[in-house]
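Two complexes are shown next, each including chain A; its partner changes from chain B in the first to chain C in the second.
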Partner chain A sequence: MTLLRRTLLALGLPVLLVAVWWWASAGSTDFYRPALSTILAAFADTWTWDRVRADVLPSLARLAAGYLLALTGGVALGVLIGGNRHVRAFLEPLLEFLRAIPPPVLVPVFILLSGVGDRTKVLVIAFGCVWPILLNTVEGVRGRDEVLSDTCRTYRIGGGLRLWHLLLRSASPRIVTGARQALAIALIVMVISEMIAADNGLGFAVLQFQRGFQIPAMWSGVLLLGLIGVLLAWGFRWAERRMLGWYYGQRAGRREW
Partner chain B sequence: MTRATAGARAAPALLGLLGLAVFALVFEVAPRLGVVPADYAPPTSRVLAAAGEQVGRPAFWAALADTLLTWGTGLGIAVVAGVGAGVLIGAVPFLRAATATTVEFLRPIPSVALIPLVIVLYGSTIRSTVVLVVYAAFWQVLVQVLYGVADLDPVARDTARSYRLGRRLQLRYLLWPTALPYVLTGIRLAAAVALILAVTGELVIGSPGLGKEIDLAQQGGAVPAVYALILVTGLLGVLANVGLRVLERHVLAWHPSSRREVTPS
Partner chain C sequence: MLEVDHLNKVYDSHGRRVEAIGDLTFTVPEGQFACVVGPSGCGKTTLLRTLAGLLPPTSGEVQVLRRRVTEPPAGLAVVFQEYGRSLFPWLRVRDNVELPLRAQRIAKARRRELADEALAAVGLAGTGSAYPWQLSGGMQQRVAIARAIAYQPRVLLMDEPFAAVDAQTRADLEDLIRSVWQRLGVTLLFVTHDIDEAVYLGQRVVILSAAPTRVADDLDIDLPADRDQLTTRADPRFTELRSRVYAQIQKVKADPPGKEG
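Here is the complex of A and B:
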């Protein structure tokens, strides 16, 4: 009973919305708003394996490369900056400013500096999404537990052990928060960089359909982009639960107490 | 206050200014020494000169006004809709359970995916960009409001119920004060996202504003102007962030500071 109820609650509204879209658009003669059935048919026709290999996989590869670059760079720099009060004071206003620049406007600049190749897109994705990771790591390292800090000092725990067990562990909830924001930004920058200058990729393909007035194919591309966003977010949540299980358990315990 | 403590307080700010100065200096010297190509990465002085030039152009102010209009309209709609929907959904348990999966599904859809759609539906107009801004900013506000409404203190809720506070009074004295800090956090997060989407929309869709100016400057080969305009968008972002933080502190002056601010998600 409760399982049935929960399934109904979880699936009811999405099914209802899709059904409404399906019926409202059925037999649509509006060129720009095709019927959902047409869009789904176009989806199957458009995103064949060849097209996936030509457009989707390169996009995802650039996204992964840029994101991982930002993750490693952001955490490394964040630990360095967060560990020292003076370095932090020195860099804080600068980082606040760099973070406030909307990342997509950097696409033209990166094209000037390193051409229109894959390297530019990876760099611009990394540069665009590194700030939330970096700033959250700084905050996380700064807000580490003082007792743990002193314990480390007393037992002369230093180097790699201190980095792994004290600094990264204390910062990890904040790093994950930053990484989650960064993933959304990385996806945006990926699409934009391909819309502005590319000869393959999802953003390029979708804009190409729009310019060629292949409207159902364009709608299917929008659906695919949305789907990728949703899958990435779900994947991230899954990884987050695995990595931060200890933290949520600790927090829940504290609340009950 | 002794001079020493005043000095200690001023020191971080001075160090920060020094950081900005060193950054500017590096970008002044590097192109001049040929470390980076001066044609594509002009020295700071030329970027600042270009910024001065921009300030003298009426077209720049028109573009700035357009960007602010797009940003403000989109953010305004998103905040009103997000708070309204959030309070409604959050206060009714059935709605909350029924919409959870839908919110989880719609929220991660990158709003830039909508760019081709709004181009064919509305063309290169401010309206196109506003749609993107609203879509991106709405979820930020909604999710924070949902957190806020869920954070209701059980004792306060039971007290309100014991004293038979009506729906309207509960909304005013129970729900609103609890949710307000979250609402403000949501607005601050939404403002940053809204600015990104406003400028991005202008850049890609070609609706009037700073983003379009950047595109035009780049196509015209006016590289220092590109950097100058990017500088302006960054300053805009900093101003918005600082302004909203000040507002937050002002509006929440009554608030027990012990209440933790939710970590942005």
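Here is the complex of A and C:
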């Protein structure tokens, strides 16, 4: 497929939907459902640089901190659990329980334990999105090829080399899958935590607009969140292609045969 | 130097008990090229994994370089039957060859030198920067061999390394292994189920019985050291030896040793 065709295909539906929205909402007098043109005008007025600094950047910083915490913690714990049968048997029931708790429920609990500051939000984001990373890492490490494991043993490849070249690289396709799911969850938990307890941030701003009947501004906040989600997904895909080049190459080769 | 002393191996998993090796005793002196043949499922891979320290014996013991094997011994390299899966798909060919050397903390320049030499020896001089999955099966097998050569082992174990490659590649690889063995002076245990291959390659052929496995016969291969796919295989002595091995294996199959106990 040519690049042009791919771009047209990818952009076709969004462009169509926006066009339909624009046309259907044009001249709307409904207070809660303003015209798209009104929302876009509000977008430009609302998301000024001051606003970005006051609300968007703090949100993104908390998102990044919580996500990175989940990524490092989830992978580290996952390697530990996936690499050792006994650790796995010992920890699995506890993890099953913790995983079943819906993350928003923890916001009030974490507020009690560590206050209403950024730390609480970062922890809630990390706790909410760590599970797919952790579970996928465990499965990825467990599923490593036993011939590769034997190769490491006979050539006496241990320590850091084994950790990196056997455990982590074997698990990396699964880790990436988990990390992608976690990113979407992190964004959701970020917004929710800001709606429950915050004095700035995107979730807080959207809620404030709604309470203050600034309806076009509220819609523009929703739009902005959607855009951030899309940009993050694109960035993720770019990083994934770079890290898993060997994986896609190998799979493409298998299909050819 | 390899010593197998009354080795017995029983797999006992999921309620299924398999006596893979009955009672095996033989010695491979320093620097010898020994081939092990036997019917499929007679425990050849099991024997090799025990020698490599990947599998504990049920009873008896094995020694490598005069030390009892309890873990993978230093100075021993293995070329696995599933050679394709033994290469790291996320590492380029050169890095695959160098990884065991990195684990030994060999300096970078020396690593490069050893890897280049080894890749050249197996005829893969230009492919260092390819990924294993970009190569054909025969080439992947040669990468696995290059990795073993670069490691400079004193003992090399090979498990049916050529079972899955085409006939021409196979002949090339056989000659390659002969020359590697002559150059490195390693002790080489080569497992195969191909009688011709065993006679062509080895200085000696150890024939295993079907399970419960023991040594059925042990033959000196007194062919000249300089071997050649055409002349050696046409040599009357070659034909005679391969007939003896063949007859021995037929006997093993027709007359399996009675299960004791």
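Assume the second predicted complex is superposed on the first by the 245 of 257 C-alpha atoms of A that agree within 3 Å, B and C clash if a C-alpha of one lies under 4 Å from a C-alpha of the other, contacts with A are read in each partner's own complex, and residues count from 1 in each chain.
Throughout what follows, contacts are C-beta pairs under 8 Å (C-beta built on N, C-alpha and C of every residue); 3 or more make two chains touch, one makes a residue touch a chain.
Only a predicted model underlies this, so the values are computations on that prediction, with no experimental measurement involved.
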First (chain B), second (chain C), both or neither touched by A:Leu225: first
Touched partner set for A:Arg169, first chain B, second chain C, both or neither: second
Touching partner for A:Gly158 - first (chain B), second (chain C), both, neither: second
Chain B versus chain C as contact partner of A:Arg242, first or second or both or neither: neither
First (chain B), second (chain C), both or neither touched by A:Leu148: second
List of chain A residues in touch with chain B within their complex: 9-14, 17, 32, 86, 89-94, 96-109, 112-113, 173-174, 177, 180-181, 184-185, 187-188, 191-192, 195-196, 203, 206-207, 209-210, 215, 218-219, 221-222, 225-226, 229-230, 232-234
Chain C residues touching chain A - in the complex, by the definition given at the top: 49, 52-54, 72, 74, 76-78, 80, 82, 85-86, 88-91, 99-100, 102-104, 131, 133-134, 147, 151
Chain B residues within the chain A interface of the complex: 11-13, 15-20, 23, 36-37, 40-41, 97-102, 104-105, 107-117, 119-121, 192, 195-196, 199-200, 203-204, 211, 214-215, 218, 223, 226-227, 229-230, 233-238, 240-241, 263-265
Footprint of chain C on chain A - complex, ascending: 145, 147-148, 150-151, 153-158, 161, 165, 169, 172, 246-247, 249-250, 253-254
